[in-house]
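Would you mind keeping the following structure in view while I ask a few things?
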Amino acid sequence: MSAKARIELRPTPHIHAPQDVTVIMRNVVLACLPLAGWAVWQYGLSAALLGVTVVASCLLTEWLFGRGETLRDWSAVITGLLLFLTLPPGFPLWMGAVAGVTAIGLGKTLFGGLGMNVFNPALVGRAFVQAAFPVAITTWTPPFFEGRFSGLIPTTLTLPFTIPPETSRWAGAVAVDAFTGATPLALAKFQQSLSPATDLFLGTTAGSAGESSALLVLVCGLYLAARKMLDWRIPVSVLAGAALTAALFHLLDPERHPDAGFTLLSGGLMLGAWFMATDMVGSPVTPRGVVIYGLLIGVVTVVIRLFGGLTEGVMYAILLGNAATPLIDQLTQPRVFGEKRR
Amino acid sequence: MRLFRRKTFSHGIHPPDHKAETAHSPIRRLPFPPRLVVPLDQHIGKPAVPLVHKGQEVVRGEPIARADGFLSAPVHAPATGRVRDIRPMPTARDRLTPCILIDVYEAATQEVLWHYPWQPRKMDRQALIQAVREMGLVGLGGAAFPSHVKLSVPEDKPAHTLVVNGCECEPYLSCDHRVMVEQPAELLRGVRYALRATGAKRAIIGIEDNKPDAIRLLQKLTAEEPAIEVEAVATKYPQGSEKMLIRSLMGLEVPAGGIPLDIGVVVNNVGTLAMLGALLPQGEALTERVITVTGPGVQRPGNYRVPLGTPIGFVLREAGYRGEAGDFVLGGPMMGPSVSDLRTPITKGSSGLLVLDEAAVRRESPRTWPCIHCGRCVNACPMRLNPAMLGRLAAAGEYQRMAAKYHLSDCFECGSCSWICPARIPLVQQFRVAKQWLRDQERRKRHAAPPRQQPLEASGKEVRAA
Amino acid sequence: MAADSLSFIFLNTVLANNFVLAMFLGLCPFLGVSGKLETALPMGLATTFVMLVSSLCAYGINLALVALHIEFLRLIAYIALIASAVQLVEMALKRYSPTLFRALGIYLPLITTNCAILGLALFQTFKGYDFAQSLVYALGAGVGFTLAIVLMAGLREKLALSRLPSVSQGAALSLMLGGLLSLAFMGFAGLGGGH
Amino acid sequence: MNIPALQPRTPTAAMLAVLGGVAMLSGLLVVLAAQLTAPLIAENQRHAIERALVRVIPGAVTFRRYRIVEGGLAPARKEGDDTLYAGYDAQGRLLGIAARAAAQGYADMIYLLYGYDPRCQCIRGIQVLKMAETPGLGDRIMKDHAFLKNFESLDARLDPSGESLLNPIVTVKHGAKRNPWEIDAISGATISSRAVGKALNRSARKLLPAIHPLLQRIRRLREAQR
Amino acid sequence: MSRQRDDRLTWETFSEGLWRENPVFVMLLGMCPVLAVTNSAINALAMGLATTFVLVASGLLVSLLARYIPRQVRIATYIVIIATFVTLIDYAIQAISLDLYNALGAFIQLIVVNCIILGRAEAYASRNRPLKAVVNAAGMGAGFTFALLCLGGVRELLGAGSLFGVNLFGPAFQPWVVMVLPPGGFLVLGAWLLLFDWLKQRSAEVAPSPRGETANGR
Amino acid sequence: MTGLDSSLIGITVGFMSLLGVVLAAVLAFANRKLWVFEDPRIDEVEELLPATNCGACGTAGCRPFAELLVKGEIEPAKCTVSSAEAIQEIAEFLGVEAGAVEKRVARLACAGGAHVARMQARYEGLESCRAAALIGGGPKACAWGCLGLADCERACDFDAIAMNPQGLPVVDADLCTACGDCVEACPKELFSLQPLSRRLWVACKNLLHGDEAERLCEVACTGCEKCARDAAPGLIEIRDNLATIDYRLNDLASPAAIQRCPTGAIVWLEKEGARKGRAAKRIARKEALPVEKVAV
């Protein structure tokens, strides 16, 4: 016999699990799509345009700065989609593009790209525009307004580098109830009025493009958790941390502080807990560390909501969690097999 | 009850096992190759010292190299023939291992012609251990640790339990399975010898629950024998690692950096003990072993009994090879090394030959990503290390920190972390590099004078002189 | 929480008006000594200690200055007194507790010439804090500084193991990290102001 | 190369002399500078406060400083947090009282000067003295015309007992102002707006009941002075 | 120490502080005011000039007095000298404009610590002739001012749409508030440094590749 | 608005003098009571050192080296990183002899680039020589040869090593400080530190003989002994099939020895590169050899 072979030298192990980075990322994109779809259903053309703009700006930036192949792993698409989901639906497109460029440029490629960043890129983008354009980013649109598929929210097409127009008159004209333009959190904070739980759950309230339906977020998040694409301990501990803190303050002063249920369902907590705190790049790797990280995020979120100057604190809480991750990782090294318990 | 609380350990992984291809093919004997390459260090410890010279005639079973000290093992001629040369040859362990090359007599019957005068029934502990030592038996489970050392339990550290490792957790391999099914009598005899040699009170045979036939068979055969228990353990990699198996069966953790004996346990592979049970009554030495030849690149996968020293090229010709390129793995896919030369021989520690063809290799594409901090490796590592951190440190060349703060030395290179890593980072390889670098560093520190002039000169000369 | 209660002063100085991240004080050590956790933590602790010392000194000497109506000497008096006090502490440590000196003392000279220390003294005077308030203010400033520098050190240690693009190594990266950390701390802005 | 002696030769006298001398010199320099600039600075400060006073007591041309003391008002020589200013028109008629107020804003304390008109029992204007609110956002409390309009006539009536305000001054969300004692917040800067309301409310609640009985006195005092 | 002293006054004496040893961009010293008061170009300029004044004045004085000051009280004396000049400039600014004074806040007084740090100057001044010390201090001050302006300019331009208070883009311009907030300070300085690093690398890339002896010929 | 308040001036000046005097007194006191000796020269010397903390001098870093220097327990020239002038400056500063150490550089004992040395397998894994060497000794047919994955290049802190197109490291003698990092990095132990004056060099470590060696690599030393016959007696000796040079006789070395080598394994090193014998110059190939297929 004269079979010939080229010998391949490869390190152990010679086989690998089928889920590689691309597969995971593709699935997360998949899980985000229903949320984006719901946002478009709620807010119409403006939301669709904003989504496209943000994702495109993320991809463009990744392509400009990234090294070669990095576009193919889908992670920039996730960043873009999630960033879009955290922005108000009527956010001027040019500001959306600024957010996308910052997210990838400042939040990711500056540190060396995928896996090297320390802060969640999407939230870096959002935090940046929140600090840069605080008025525009707190200008909400009532959902299901009339003519959302035939026209745009007036702020959407603001000329680059100019101030978006005032929308309160427009909102009054197109919405059934002008006051729905305020988010449930703002209503709770400044008016002490709690929106009904079913509205929050189903997502018929105003807010960021992707944060309004807790149900949808939950379903998509559970899909990812079931397929082991995310670490379920993170969302669970974030939500637990938030619920416990909220319940405690509610007990102390029920008049002023909303209850745990409202806390869980309102604002970006669900989206943050399931899709953003779970970004593994900025979260700890150790089993105990993950739980501490989640609790920290939950607690800080509620503290900012109740006592801070801002109505919502999820974003900052996650960024702070990211910042604390290296420390948490160091302090929670698992006990090695066979090592004496200290 | 069994369904819900199976005996197992924490972490670990579930790779597809691919055992069906060979698990039901009975053990067959492979013909003798025209030339054998018999390495002098087929075991952990000092290499054996040749007793023969170039041109000398040897008969099957005759000692051809003696053990060099206690932690060492003798080597016996696997076939009748003539010593062609003694020189460095590539083996799975090293590119230049001193080996005895034997030209096999084609005409010989290849019966074992050399016997030791052992009388198992009359032998006491010491005599048993001495016999094990003389027959050159080493662990056939993979590590090739000299068995007589393992069985020599010191007075001050008695052993209470003998754990018999029938897990065979590596995917693709099935030789232990076949041995359990085909040679249960030899196996149980070997277990009894080992109990006698170690002074342990009981033996537990641990078998992964994906081999129900072996479990049932052995349970039936030991029903009357209270000293020997047969336990099913969960099918999970690396269940067969002795530390994990002890944890699963007995709930005990071997101390970090320690050995099973520290908690009164001795672990032996089923193949080792079956071999012991087969050889001792015959007065024969270890000259062959059972291996699984399998993988997509093999035409006739199966379990084969092969003489030690058979080059894998010969095995492949016999079992049939297909494909253009292949990854030739000595052992299982998780821990077995690729070989770079088809003259590499099967040795005492080789439990299988796995051939991954080009398509399989391509599927495990070498594309890697940076670590995305997903923590899967942390949740897979059976030793509960932090492979992610170790990997990052290794990439940065921070080997000392790996050892000092992240327990590098506790990693037994099982590959669970690399298997599961979605970024496909070659973590184990990084750790092996780190360990070797540290050993080098240590060696350098020990002899301040540089030993580097011609490092291989010494071994080359020695072999030539012999 | 009233704006002059001790707990408010403490929390506000640690989180909302963090000395480093919101007030821009003590940036030199923040950027310089945050490369490794094992030096950042002692630096933070040493700074906290010096802050307490200088807060005390400043409070004391200010009483004298006010009594004599020579407030215009405040700056000179503060800086001279603080510098000498720190030097004294440093020498004493070096002499009497070499271990403590090696752990903390080597940072002291770095700290003397640091905005956070003098800034603390000046701000506590401007804000008209009484004795207890001053001490709590100093403690909060120190804890806030420690928090910031320790977080920063953790991040930088993590990044030290990353493959950074060649342009963003070194000082630029530290500043960007500082910026992002400061962005994250903006979440605490207005803490206590909402109610 | 001379190796320094092992034991430091401490020139104690020299040290004392140099450091003492330099310190003395520096003291001299500083005191001279302080004294030379003092009038200029005082002038600057007076200008600043007068600019503010003119805004919060529209129409006033002369001002007097007072301090509430035990049982009445006393003229104040120096500026202080508790200083009150009375503003008079050209005819010497009392137009209003200005006082300082402060509250925690978004970033830090906000310090205000506000003018109270006893005739309409309302606040006539505010002027931010010091704040650290976000530029472009919180700092609109200084220059946002719509917001400042709130204070052209902000109801601050005393309740019948004269002990407290009839209606507490509150800030409400933008677009929700219904009553003359409410402040319409700036959208996007609600917290800063609320701080202004809170500062006014807190100060007015304390000051107005105290000052009301004394108003006649300053009017008279003024006449007496004339 | 008894090493040779070079008394020559060169362009280098002045320019090293301006660029090669720029206290901000190269040495990363005196960062607090650099970030704190640069939310407008005017503030940056004022701060830079004030610092330059103190540097020059104290440099001169230190250089004159150096030889009379015993080593042990050197630092204390310098601190007092610098603090004196800072107090002077502090009062001067108060007398000139209260608005500016309020905008710069405590950072005028914090020039003390800066100058001690920039005060490599002090070490320099005490080793050099007065004229040289003054020129060097002026260079350092100029470099510092330059850096402050780089930051102040960008931050004011983006953060308020104006430069030195002059509105450049009209009323419709959307200011980037973050630029005048604390993170903006960090980010803008970081961006400048990135830019410089990038430029440096670009110029380094055209440098020749290594050559040397080799065992296999090339 | 007029005049100066003289009493205030008095108070000020008095206060400041008092402050100055008190501080001076305290410092003077502290200086005497709390003073700990540390030779100020250590700092000065440290300033003069390159601060690379490479350890080539045999100490833990630049500061410990400075301490030893000041104590006079080590020679300035032990620092291989500093330039000659810098060493001279330190020596002058301390008033000692610089100490004479001939400049050494790292040299590679292999010339088997990808165009002449066979590959018997294709390696896939970490881009690192040490990692490759751990798997069956690496893909190269010659067990001794350079794997070309640049561990040495990465180990060099001074950018003195660059890989050439054939995958062999090239040392820039000017940049090489003889710190020894590449010696430690190479898993095949191919680097050694050699004085510049050793020009005759065996660029191979293969211990196989004749054809067996040449089958693996076209520039292998086959142990044919031709070089030894030509050279001064005792200078070159064949040990274990490998030419070995006795550098005690380095003065006798000349380029003549290289002329008879049929493969070019023995070379004469010059600044521009290696000079090979006539017989060895026939290899014209530049591109890499393909990975061998082996018969099963």
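Labels A, B, C, D, E and F are assigned to the chains in the order they are written; within every chain, residues are numbered from 1.
Rule of thumb we're sticking to: a residue touches a chain if its C-beta (ideal position, glycine included) is under 8 Å from a C-beta of that chain, and two chains touch if they have at least 3 such contacts.
Worth saying up front: this structure is predicted, and the values here are computed from it rather than measured.
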item: Where chain D and chain F overlap in contact partners, by chain label; value: A, C, E
item: Common touching chains of chain D and chain A; value: C, E, F
item: Maximum centroid distance from chain C, chain identifier (CA atoms); value: B
item: Averaged-CA centre spacing for the pair chain E and chain B, given as whole angstrom; value: 67
item: Centre-to-centre distance between chain B and chain A (centres being mean Cα positions), rounded to whole Å; value: 49
item: Chain centre separation (chain B, chain D; CA means) in Å; value: 86
item: Inter-chain centre distance, chain A versus chain C - centres from mean C-alpha coordinates, in Å; value: 33
item: Junction residues of chain B - those touching two or more other chains; value: 317, 321, 325, 337-342, 361, 366, 370, 426, 429
item: Set of chain C residues in contact with two or more other chains; value: 70, 72-73, 76, 80, 84, 87, 162-163, 168, 173, 176, 180, 183, 186, 189-190, 192-194
item: Chain E, residues touching no fewer than two other chains; value: 72-73, 76, 80, 83-84, 87, 91, 177-178, 181, 183-184, 187
item: Pairwise chain contacts, counting only pairs that touch as defined; value: A-B, A-C, A-D, A-E, A-F, B-C, B-F, C-D, C-E, C-F, D-E, D-F, E-F
item: Residues of chain A defined as touching chain E within the complex; value: 106, 128, 131-134, 136, 159, 161-164
item: In the complex, chain D residues that touch chain E; value: 1-2, 8, 10-11, 14-15, 18-19, 22-23, 25-26, 29-30, 33-34, 37, 40-41, 44-45, 48, 130, 134-137
item: Contact footprint of chain C on chain B as seen in their complex; value: 370, 392-393, 395-396, 398
item: Contact footprint of chain E on chain C as seen in their complex; value: 21-28, 31-32, 72-73, 75-76, 79-80, 83-84, 87, 113-115, 117-119, 122-123, 126, 166-176, 178-180, 182-183, 186
item: Partner chain D, residues of chain E touching it in the complex; value: 2, 39, 65, 68-70, 72-73, 76-77, 80-81, 83-84, 87-88, 91-92, 94-95, 97-98, 102, 159-160, 175, 177, 180-181
